[in-house]
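So that you can tell them apart, the chains are marked A, B, C, D, E and F in the order they are listed, and the count of residues begins at 1 in each.
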């Protein structure tokens, strides 16, 4: 599909379209277990910013290439060379200036990853194999999380002397069911598997293999992409707003959102198609 | 009981009292699977506003008449005739004025349903059969949710081209355990059953039949109605406040709430009855 | 260890250290099922305030002495003699002044218990036997909760005519998975057991016996205490901040927190030890 | 004008229309210095709820009949007979039940007065003569405040043993310039005059006489009523939202509000009329 | 008065009582222009914590001894010896541990000064002469600010390389009228005088001399102390709550506060005294 | 200065540096009264994003070229051709899709203008001549506002049928002293002059001419640029944070901010220079 050409410029990610209105984004650094260097999160942010407004896209699936890892997280070797982590050196002249540099760096990194959450279209993340550190930050930004049976999760940051700062600690407590479990895995950095992830609601389904998980994700994306994009994108927006606001504020925001959206032609198209039992065709968005 | 006469005026709901201090509210439009027209949500709001201050009531059970449905949600046929959904017509002169009309309509609708949450007495909602669309909005306002084994749930709104706007998207993320599951069912509009509802904590119990579920709900209501109404109503208020506020704000509000409530005669009555092993008799509230 | 002498002054609690950097705090009033009188919560607050800044401590385990109870909650007999609960008397001259006295009393009580949450080091709470009323308030302040199979939980306050006001109603809805379950147990005051506590995520593990549970908690504490204290304490702080703030505010706070903390020498120590496969030695904090 | 007939039912308020699209509401109990009894605030709430959606109204002026007072506030004689203020009696059985009755009463009273703020159309309040107690609560709900030179203001509640609870303490700190001044007048209950009210920004203009102030208010209302009602009502909504939210939340809400409103035909009408130098005619709202 | 003996233990502050129910607190280090060392802010916190619950006190006046200064702020000479400011040294091993020490120090300092704001009784601060740095932090915590004509104010911290962190930057924007003015004086550290302070509403009155300002403050305190303490303390609490909350939350909190407080005997006492034109005598609080 | 070359790429703005560490940004479309077309706000955003991290810049002055106008706001002629304002056309197929396009457009526009507020360095805005519509949105993002005597302000948007949506309604209520005044000028779109702007605190100073105002702004910028950049930038950040948060949250954020920043070498440099009475030389930031 010609619209995919806009995504050909990115080096570390492959964007394809297995079915109409669905984009499939793969991290393609399998030789390094899809570990991230700075270039990669900058690209990731740009890709999701573009998908957000791309009228050809109504749902996105995100996965990692290869069999071994969704991603092993930050490429620690590369990171340990960055000025941010060299902060501990005696050579540093001034802790306040180092702090400023660090804060800007963290904010920019957060902004890139947050583009997944800000993407107006639903994002389904498929985890498999090694899925640690940044893998969790990324997955927390997605709307729906699936995994294969071989997935090995860990909120790994404390093991390298850091509190996770790219989103896991901000989002995980609002995604899963048990704060004692969140504290347990974040404080201990211990690994956990698909069963545990399913039990606490971190993932909504566990599939036999990565291939099966990707296929399921694409089917879910296809199902969602067949619905009214006005309804789907409004639902994502309103659910994310609800997470961060009181019920009263959320109800008010909802009424203001829908004062426009309820004027959509999609309502008629949906009803008519339901009567005709045909697949509805909604205008682009 | 004579106090029930105040509720005889309502056409679409039957209010009875299976046991002292417990009100049982039934949606009585079973021929249409208890689907809602505008009159009905206006009545529902008025009923719960009245129950809220009725000294004869200490707990409420809400159910739908008939075997087939708690409610099939909005009566779409009726709704499609309303000026709100005619918004998509070419005939509409001005989108901003249509938007104003829509917003007022949504707000009034929300206000009616929210009366269930605002009701000072605990509300136990019994779901069964078809329980879709508005059924979820209503259930989310209740304090406790039970269902029978035959219940078929769905957050159905995207299938008619809308983001749900009567409360489901605002409240569901704060009720259940898994945000990935919330996104899954809200974005896909797929059906889910009692097991799934129990697993994510949407309902706290699943009973064999509707009759059994209603009976269980009445027993729970009876148990709660036997407790100090000052304690019970304070507990509902403080839990709902906690949901929407920080822990620090909630603790402060709690101390201000209880500075008055702890002066209750119910404390003595409760202790004395515990010693005597008699059922305590609390003053009306 | 000599630093433990600072904790020898407390009458109702025994503080020991089963392993380096781990403090073990026991409620020692087993003859009264560890029920609390005012002196005890004042001591509890002071102990955790001290642990918070004690450089010898990196993780804390909290338990109750004896076989029968973690704690049976407030010592109701003692409480019923306090001026707060005498508020209901005809003798009271003025309800507003009584209210002021009550509010100050509740706030001071809340502040003592909240010291567990404010303690900068992770706290693992081991529940067993009778664990009702104040036991839940206390457990909600801990970071991780374990229990033994014989634990009998209840949010018991409504049974003595009160809405719980020392933190359970403020924190429980943000800890577990199901708001319908929270309402159920708080409104009915019914007992629940370890299986239910595990299912809703109130505890993260259930162990066979109290002894086994304490041992497991100490092992978890030992594991955490071996990590970078900068990373661990930052993780606790950021997770608690996230619970009470929007994702956007949490990300901003995180970047400001880590602008300093990422300058830690612990990063290098952690990486070097990982390479050497040795246990890292972090500076005190 | 015929639409005024809808307002003829109210006993304590006279509603007229000095000019197209402007409603003029007068408190008409001058013999009692427009002091309020319960019936009056219930009526006031109903009037403003109606004005809010009345398409014939685009701006409202609120004033008090007679020369002596905008309003002397609560009719204390009447209030002292109400069950709320009889709360201090020895006769009262239970402070917690009295508290519940009080809270419901205060909330209902607040809700009535808040209708002025919730009214979608701008409200200009003209104060004169005695303007104390409830006068300030009411004026704080208006959008614009004018007064005559003879106005005598006071936040009078502490002088009758109460913290003001109908809105003054909630809104005044967000209306004027100086928190030290707010504390001064609220804690001391001292009188203040028009100059002081103007200096701190409580009123935006002081006119020579009540007649002149009313005339000015009507002229301002006429000016506003000549503008696009979509623009004017949106401006009121967004300013009130901004007062209670962060800048980031306010910007987001604004973009969602205007996504619909910017589609208005008023934009073209305004531009065309500007070119033609004619008075634009906007559709009803 | 005998109750003053409780305050005789403090070395850096003199507490007296010029008139019944009024406490007068003076900073007594005039030889050093009342500059603060750590002992002083710890004492200040303890004094206001005690005044908060002291039934003999209904209003507080805070001033600085001597003619030259309310306070010249932090004793920079002393501070430059503290471990916090030695943080810049090459000797420091680890920036993250230094940061932790700094944060604890700042928090404890903030907590001491915030006791003035938390004091349940109104606090009137009289500024004179040099009033810079910490003087502004302290004054911002008071309820009412007066000054003499010779006062020389400055938010001085940037001149020693710091952003003010003891409260000025948190509170000043919510006290005065103009954010451009706040930015101007905080970013430039420039001095400003009484006229400017009055114009922006930082002080509510300027008096000719310090003696006159103290006298006026005592008269205001006397006036406030003669009112119902239930009403006065409720007013302070509700105004401070309003500053930090939305109008809707503030109204709700107000109704819960007053559900107890409106039961006060002070209402009757106030009304009766008004009729009798006698000075009312309210019970202690 | 060579660093200025980075700003030579911008067409609609001239960036110069009248004095070390001060950037002077001018809108250079005087022939059109500096009215904005889309290119311009995109450039404006990019310029301030760059200034934010530019180590050569410590303070910024923003002005408009020519004698007639700071800016006459949006170029309405150009805007009326944009797809956003064509929304009212019968040609538009679907109001919900038009709404999405509008919302994205407004958000992007807001983001560009908000860069002025997000710029880490203080921004001083000099207004003169016609300063209406977007001029107010822009000025509200600056930290300090000055104007010349000939300035003619207006919040003009309602006159073209719109509620202002680029920031004025979100920020103005938090900048000035009087909400009644804000409502007055925003609802009526009436012009106001420098005296009124000064009285309500919208500007902090009024100068005789534009030249004099620019000179004063540069002098203020020079003064600020001579201070510790760590202190100055921290002060801006903390004041903006305080505006949007409770005092408690602001104090906590402040302590976390300064735990790093107080380690700055600027503290020593500032103290040493004060002793030596020399101009301090701070490291770049």
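Rule of thumb we're sticking to: contacts are C-beta pairs under 8 Å (C-beta built on N, C-alpha and C of every residue); 3 or more make two chains touch, one makes a residue touch a chain.
If you want to know which protein each chain is, UniProt gives these names: A, B, C, D, E, F = Enoyl-CoA hydratase.
As the structure is a prediction and not an experimental result, all values here were calculated from the model.
Undergrad: Using the stated contact rule, I'd like to know whether D-F or B-D comes out ahead in C-beta pair count.
TA: Most C-beta pairs in contact, of the two: D-F.
Undergrad: Over half shared or under half: which fits the residue numbers at the contact of copies chain C and chain D, same or different?
TA: Copies use mostly the same positions to touch.
Undergrad: Could you please state the distance in Å, as a whole number, between where the Cα atoms of chain C are centred and where those of chain E are centred?
TA: 34
Undergrad: So, what's the distance in Å between the C-alpha centres of chain E and chain D?
TA: Between these chains, centre-to-centre, one finds 33 Å.
Undergrad: Of all residues in chain A, which are in touch with two or more distinct other chains?
TA: 87-88, 94-95, 98-100, 174, 176-178, 200-201, 230, 243, 248, 256-257, 259-266
Undergrad: Quick one: which bits of chain E touch chain C in the complex? Just the residue numbers, please.
TA: 53, 93-97, 99-100, 104, 230, 233, 260-266, 283-285
Undergrad: Inside the complex, what are the residues of chain A that reach chain E?
TA: Contacts found on chain A: 87-88, 90, 94-95, 98, 248.
Undergrad: What part of chain E is in contact with chain F in the complex they form?
TA: Touching chain F: residues 76, 80, 84-85, 87-88, 92, 95, 98-100, 102-103, 106-107, 110, 114, 117, 157-165, 167, 169-174, 176-184, 186-190, 200-201, 243-245 of chain E.
Undergrad: Can you tell me which positions in chain E touch chain D when the two form their complex?
TA: For this pair, the touching residues of chain E are 122, 143-145, 174-178, 200-204, 220, 223-224, 227-228, 230-232, 234-239, 242-243, 246-248, 250-252, 254-271, 274, 282.
Undergrad: Where on chain B is chain E touching in the complex?
TA: Interface residues on the chain B side: 253, 256-257, 259-260, 263.
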